Amino acid sequence: MSAVQEVASAAGATTRAPLLQVSGLKVAYGKIEAVKGIDLELHEGQITTLVGANGAGKSTTLLALSGLVKKAAGRVTFDGRDLSKMAPHKIVASGVVQVAEGRATLSTLTVRENLELGAYTRRDKGGRAHDLDYVFNLFPVLKERAGGLAGNLSGGEQQMLAIGRALMAKPRVLLLDEPSMGLAPIIVQDIFRTLREINQAGLTIFLVEQNVRQALKIANRAYVIETGSIVLAGTGRELLVNPRVQEAYLGS
Amino acid sequence: MLRLDTLSRHFGGLKVLQDVNLEIPQGGIFGLIGPNGAGKTTVFNLITGLLPPTSGRIEFNGQNLAGRTPHDITRLGIARTFQNIRLFKDMSLLENVMVGFHAQLKYGSLGLLASSGLFRSEERRARARAQELLSWVKLDHKASDKADNLSYGEQRKLELARALATNPKLLLLDEPVAGMNSSEKVELMVEIRNISARGYTIFMIEHDMRFVMGLCQDIAVLNFGRIIARGTPDAIRNDPQVIEAYLGREEDEASLDATGATA
Amino acid sequence: ADIKIGMAEALSGGAAQYGISIRNGFQLAADEINAAGGVNGDKLQLVIEDEQGKKEEAINVFKKLIFQDKVLMVFGPTLSNSAQAADPIAQAAKTVAFGTSNTADGITSIGDYIFRNSVTEADVLPETLRVAIKHANIKKVAVMYGNDDVFTKSGYDNFKKALEDLKIPVTTTETFAKGDVDFKAQLTKIKAGNPDAIVLSALLAEGAPIMVQARQIGLNVPFIGGNGMNSVKVFTLAKGSSDGLYVGSPWSASNDSAENTSFIKAFQDKFKAAPDQFAAQSYDAMHILVQALKQVKLSGDLAADRSALRNALPNVKWTGATGAFQFHRAVDKAGKPAGYDAQQKAIVSVTKGDKFVIEK
Amino acid sequence: MDWFNNFWSIYSNLVLSLGTNALLALSIYLTLACGMLSIANAAFMGIGAYTSALLTMNYGAPFPAVLAAGMAAPALMAFIIGKPTLRLSGVYLAMATLAFGEVVRIALLNAESITGGALGLNGIPQLTQWWHVALALVLTLALLWRLRRSRVGRAFESIKEDETAAGLMGIDVGAYKMLAFVLGAAIAGLAGALNAHLTFFIGPGEYGFDRAVDILTMAILGGISNLTGPVIGAVILTLLPELLRAFKDFRGVVNGFILVLIVLFLPKGIWDPARFRQWFGKRGGRI
Amino acid sequence: MLEQQLVNALSLGSVYALFALGFTLIFGVLGVINLSHGAVYMVGAYAAEQAVAHLALPLWGALLFAFGFSGFMGLLIDVLVLRPLRARNAPHLIPMIATIGVGIILTNGIQGIFGAENLRFPLGLVPDTTLSLGGLSLTALELGIILLSFVLMALLLLALKKTQLGRALRAIAESPKAAYLLGINVEGLFYLTSFVAAGLGGVAGVLIGLSSNALYPLMGKSMLEKGIAVIILGGMGDIRGALIGGLFLGFAEVLSVAYIGSSMRDAVAFGLLFLILLVRPKGLFGTLLERKV
C-alpha cells in the first residue's frame, strides 16, 4: 500500500483536498427524483465505493458525473475544475472515464477498434500501443478475439472489453458501474485484483457495486445510498462490520 | 423432462457447443455454470428455438423440439428470462405480465369482436393474475409504471414475473440475480424456492456461487462447449477441473486478503 | 359591378411551371381589358386559387369558387387529371368550366358547360407530321414519350394514331418517367434502329436533355415534338443542340401576326420573360370569354347569368395570339352532344439557330 | 339549416376527404402499432380504388359489394406478399413495401386497356355519401379500439417492442404481423374505394411515393400512441393547405414551417396523452 | 450496342451513387432518413447556378461553392431541427417527418424565389467534349461523375475504416451514449456529418444538373426516391453500399430498357430490389449481425 493510501485508510479521509467532489447533487427523471442532493468525495489514489439496493440511484449518480443526465442541482469539481456544466466529451478528456452499466460495447466494431476508440481523447500514439499491450495482458481473451466483432463476445468477455476500453483512455478517475455483474467467479476475482492493481498504480477509482462485500473490502472509502440519499459513509472496513450494512446488503 | 442429446452448435468456425448431453428431471432446481463464453446462453437459445442446433436433438417431455417455433415451444411449457433483460420497455409493468397470458386467454383473435362477456371476464382474470404475479416479486406498487423506468434489479424481477405468466412447466433463468445485492439475492432465493415448491421445474444459469449452491440440488459445468462436470454442489465445489476453469483457487482469494465473497 | 372570374390553376407542386405561365396569361389579358374600360363598363375581377395539381384540391377549389366566391365561371384546372375530377362539379352547378391546358381526350364529354381552347394534339399532329415528312424526307421514325404524365401520354396516343394514319413505320417506342435525368439507354436503343426522326412527346424538363443527349451520342436526326416542346426555353435548356425540332401548334413564337406580336411584347414587358404556349392559350381564353360576355346582359341573378354565358360562348369567333379560333361541339361517351373543343389551324415551325422558323 | 347547406356545398368534399384520410392514417397506424414500417398502404389504396371503380363502371355492381371488393382485393394482395415481406424489419420493410408500391403503380400504368394508363379512369359515378364515410370511420375506430384493449393489441405492442421476447411469450409473431398487415391493407383499400367514388377520376400517379409519405406523415404527426393521434394528424394535414390559402405564393413554405414546428415542439405527435397528463396533472421536477 | 449500354449503365449508376453517398452517410451516423436530401441537392444546384451567373465561377469554383452552401444548409437543418429532436429523445421516425417539412420549405422557397421554370448552367461551364472510343461514346462530364463517385466512395470508406474519426463515427452510429462515454464529441461529429453529407448532396446537384441541363424546384424528388432505393439496396448507412446499390440500379434500369422495354424499366428495377431484399433482408452489405439473445 502506498503511503498516501495508508494515511487515507487510517484517517478515513485525507487532509488534502479531494480530487473529485460532489456537492448537493440532485437528479430527477420527470417527476421522480432519483438522486436527492448527495455529497461525495473521491480522494486521489483511493478506491471509493457507492453501494445500495436496486433502484437506489447509483447508476444515476454516475451518469450525472459523466454529464449524461441533466443535474437538477449540485456541483461537481474535479481537480479544481468545475465539471457541472461541461459537455460529456470534455469530461472524458479531462480524465473522468466511466464504464457504464450493462456493457456499452460497440457490437458492430471489432474488439480492437473498441479498444482503440477508448483512446479517442488521447494524442500520444506510442502510449496507446503500450496501453493496448497492457490491456491484452490483463485480458488475454481480448487479444485472441481482437479481430472479431465485439457483439459476438459473451457477456463476460464484453465486460472485460468495456473495462479495457476505459483504461485505454488513461483516466485519472475511473468510474465503474457494477463491473462484476454477470462474470464467472474466477473472473470476478480477476477483476477485483485488477482494480486493486491499477489503483495501486495510482488510478483513482469510484466503484458502484452490488457485490457489496467485495467492494467494501477493497474500498478505502464507502458510501451507502438509499432511495437517492446517502445514509452512511465511512471507510470500507467500518461499513463492512456495520450491523445495518450487514443486515441490509450482506444478507447475513 | 428435458433432454439434450449430443447437441452441437457452431457459429462459422466457432464451435460454441460440442456434443452436449444433459438430462433434467421433472421438479427441482437445476444449475448450469461455466466460464464466460462457455456457451451457456447458447444452450438456452437452442432450447427455446431462437437458434437451430447444428446437430443433435432436444426433447421436452418426450417431444422433439426440432423445427418448432419459439412461440410453439413456449406453449409447450418452457419460459425463460434473458441475460440482458428484454422487457417491453414502453409498456406498463402490468401489461408486460399480461402479455405473458397471451396463449391462455380463451377468446379468439376475431371472436373478440362479437362476444363481450367472455372477453371481459377473461381480461379481468388475466389482470388479477398479473397483479398477483407482480406482488410475488414485490413490484405491485409500480404496476402502472413504464418498464423502462425500473432500475436494473427491478427489471430482472419483472422479467421473472412475465416468464411465470406464460404458465411454464420449465423455467429457464439466465443469470437471475446479476445486478442484485446480497440481501436482494437472499430474497429472490426464497422466492425461487417458493416457485419451485409450486411445482415448476427450474433450470438456471448463474455466476453467483452462493446463490447457485444454495438453491440447486444438481449442477452441470460447461467449459468450452463441453460438459466437464455434473453433480451436487459439494462435488462441484471440490472438482479440481471446475476450480481450475471457473471457481478459482483459494490462494487467489487469500491474496485478496479476504474470505471469498462469492464462494 | 365587377365580374368575378374564378381561376383554379396549379401554382405550386409539380405542375406549377404551367400553372404559373397560365396565370400570367390570364392576368395580362385581364389587365389589358380592364385598362380598356372592361366589358360593357364592368371590370373583370380574377379570383385566383392554387389547386396544386392535385385532383382533391381541384375539387375543393372549384367548390370554393363556385359556391363561396360565387364566380361567374371558372378557368382551369391545369392538368387533365384534375379537370376530370373537378369539371363534373362545375357541370353539376351549371357553371362554365373553361380549360386552357387540358389536352386529354374526353374532358369535354363531361357535359355542356365544359369548354376548352387547348388544342388537342389530335388536331395538329397530322399536319406537323406531314410538314416534317415533306421537309426532312422522313421514312421511318422512333417514338419517345413520358408514360406517367397525362400531357405527354395523351400526346403520344395522338402521335401514334397519326403515324398509323400516315402509314409511317415506327422503329421503336421508348418511354421515360418524370424526373429522369439520363436518357442514353433509350437513345442508344433508338439509334440502333436508325430512324429518320424521333417523335417526342415530352415536357421541357425531360425533352430538352433528351435532345442534348441524343446529339451527344451522335443521333442527329430531327425531332418532332408535341405541345410541351413548343417554348423558346428550349433554346436555353438545349443550348447548342436545339436545332431540328418540329413543333406544330396554333401558337408559335415566330408567328408575326399583329395579335401575336403585341401579345409577346406585352407579356415580355410585364413578366420579363418570353411567353409560352400555355400563356398564349390562357391569354386568348380570356379574350374569348370577354367576347361572349359582351353578348350577355348580366342580370345579377347568378344562375341565369351563368347559363346565359354558357349559351353565348359557343358562338364566339376570335382571332388572337393563337390565330383564328372557334369552338366545335364535342360528344359524350354515348355520342350525344356535350362540351366544346377548340377548332384551330396549326402552324408548323422548326428550330434553326435558336429561332422557330415557320414551315409550310 | 341554410348556412349548413351552403357550408356543405362548399366543403363536402373536404370533409369527406378528412374521413378517407383518417382511414388511411389508421390503416398505417395498425402496422406501425405492430412495429412494422410498411408503406404499401398507398398501393393498397390504389388497388382498392381501381378494383372498386372498375366493378362499378364495367359491371355496375351494387355499391356495398363494390366496397367489399375494394377491401378484399388489397387484403388478398397483402396476404400474398406478406409471407416473404414481413420477415424484413425497419427501413428494409419500408423499402420492400415501397418497391411493391412502385411495381403496382407501373402495373397500373402499363395495363392500359384496363386501367387507362396514365390517363386513369374517368367518369366514375359519385356514389359515396357522407354517411358511408362516417360509418366506415366509426366501424374502423370501433374495431381498432377493441383490438387495442385486447390480447391482440398487447400482442401487437409487444411485437413492436421486441419480437424475440414476444415470441417467447407464446405469441405467433408471424401470424399477428400478417393480421396487422392484411387488416391495414383492407382499411386502406376501403379508403381508396370511397375516395374513387367521390372524385370522378382516379389515376396511377395518386398512389405513388408521395401518397405513401403523406399517409405516414399523417399518422406520425398525429401521434401513434393511440387511435386519436392518426385521426387528428389526418385532419390537420388535410385542413392545413386550405387554412393557409391566404398565404398565396408562400403557402407551401408556411405549410412546411408548421410541419417542422409541430414536430419540434410535439416530438411524440400532437396527441400524446403522457404530455397531457404532464400539462394538466401535478407538475414535477424538470428533466 | 451492348457495350454502349454498359457504358450508359455505368454512367447512370454513378449518378445514383453520387447522390446516395451523402444520403447514406447521414443515415449511417445520425440514424435519420433525411428526406430533405433531395431538396438540399436541388438547393446546391441552384446556389451554384447563381454563383456561376453572378460571379462567373469556373466549374471547380461552382462545385466548391455548392459544397459549402449546401453543407451550411445541412448544418442549419441539423442545428435547428435535428438537434432539438435528439435532445428530446424523439422516437426514430419523427426526425424523418421533420425533414419532410424541411424539404417542403426548401422546394417552395426556391420556387418562390426563382419560379417554377427550368434553369440551366451556362453553356461551356464544362467542356462538352464527347470522348469516343471504338464506337463508344461518353462525355467528359459523365467520365467525371463516374470517377468522382468512385473516388469519393473510396475516400469516405478509407476515412471511416482507418481513421480514429471514422471509428468514432461508427461508434456514434451504434450508440451515442457509449460514444459520449468514450469522450467523443458526439454533437460536434453530428454537425460535421450533416455538413459533409449535405455538401456532397450539393455537389451531386451541380454535376447531375450539368448533365441533365435542367434545374427546377422539384428536381430532387425523383432522385430522392431512387436514392432511397439505392441506399437500402446497398445496406443502410454503408458507404460501399451506396456505390454498389447505385451501380446496381443503373445497370438494372439500362439493361431493362435495352432488353425488356423502357415502359417496364422501373417495374423491373423495383421488382428486382424487392426480390433482393427478400434474399438479403439487410441489403447487399447490411451487417447481418443479429442482436444477441
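Every chain is named by a letter (A, B, C, D and E) in the order it is written, and numbering of its residues begins at 1.
Criterion: a contact is a pair of C-beta atoms (placed from the backbone, for glycine too) under 8 Å apart; a residue touches a chain by one contact, two chains touch by 3 or more.
Chain by chain, the UniProt names read as follows: A, B = ABC transporter ATP-binding protein; D, E = Branched-chain amino acid ABC transporter permease.
All values reported here derive from a predicted model rather than from experimental measurement.
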Completion exercise
Contacting subunit B as well as subunit E are chains A, D
Exercise for the section: With chain centres defined as mean CA positions, report which chain is farthest from subunit A. Expected result: C
Practice task
Name the chain pair with more contacting C-beta pairs, choosing from C-D and A-B.
Solution key: A-B
Practice task
Report the inter-chain centroid distance for subunit B and subunit D in whole angstrom, where each centroid is the mean of the CA atoms.
Solution key: 42
Problem - Between subunit A and subunit D, centroid-to-centroid distance (C-alpha), Å - result: 50
Practice task
Round to the nearest whole Å and give the separation of the Cα centres of subunit C and subunit E.
Solution key: 36
Fill in the blank from the handout: The distance between the C-alpha centres of subunit A and subunit E, rounded to whole Å, is 43
Exercise for the section: Name the residues of subunit B that each touch 2 or more other chains. Expected result: 41, 50, 82, 84, 86
Completion exercise
Two or more other chains are touched by the subunit E residues 108, 111, 263, 266, 292-293
Problem - Where subunit C touches two or more other chains at once, by residue number - result: 12, 147
Practice task
Could you pull out which subunit D residues touch subunit E in their complex?
Solution key: 37, 84-85, 87-89, 91-92, 94-96, 98-100, 102-103, 106-107, 109-110, 164, 209, 213, 216-217, 220-221, 249-253, 255-260, 263-264, 267-268
Handout entry: subunit A partner contacts - residues on subunit B that touch it in the complex
Key = 11, 33-38, 41, 83-84, 149-154, 175, 178-186, 207, 209, 245-248, 252-253, 255-258, 261-263
Fill in the blank from the handout: Interface with subunit E, subunit C side, in the complex: residues 12-14, 16-17, 19-20, 147, 174-182, 184-186, 188-189, 192, 204-206, 208-209, 212, 216-218, 233, 236-240, 273
Handout entry: Residues of subunit E defined as touching subunit D within the complex
Key = 33, 35, 81, 84-85, 88-91, 93-94, 97-98, 100-109, 111-112, 225, 228-229, 232-233, 236, 263-264, 266-267, 270-271, 273-274, 277-278, 281-283, 286, 291, 293
Handout entry: subunit A residues within the subunit B interface of the complex
Key = 29, 32, 51-56, 59, 101-102, 141, 152-157, 159, 178, 181-190, 192-193, 196, 210-214, 217-218, 247-252
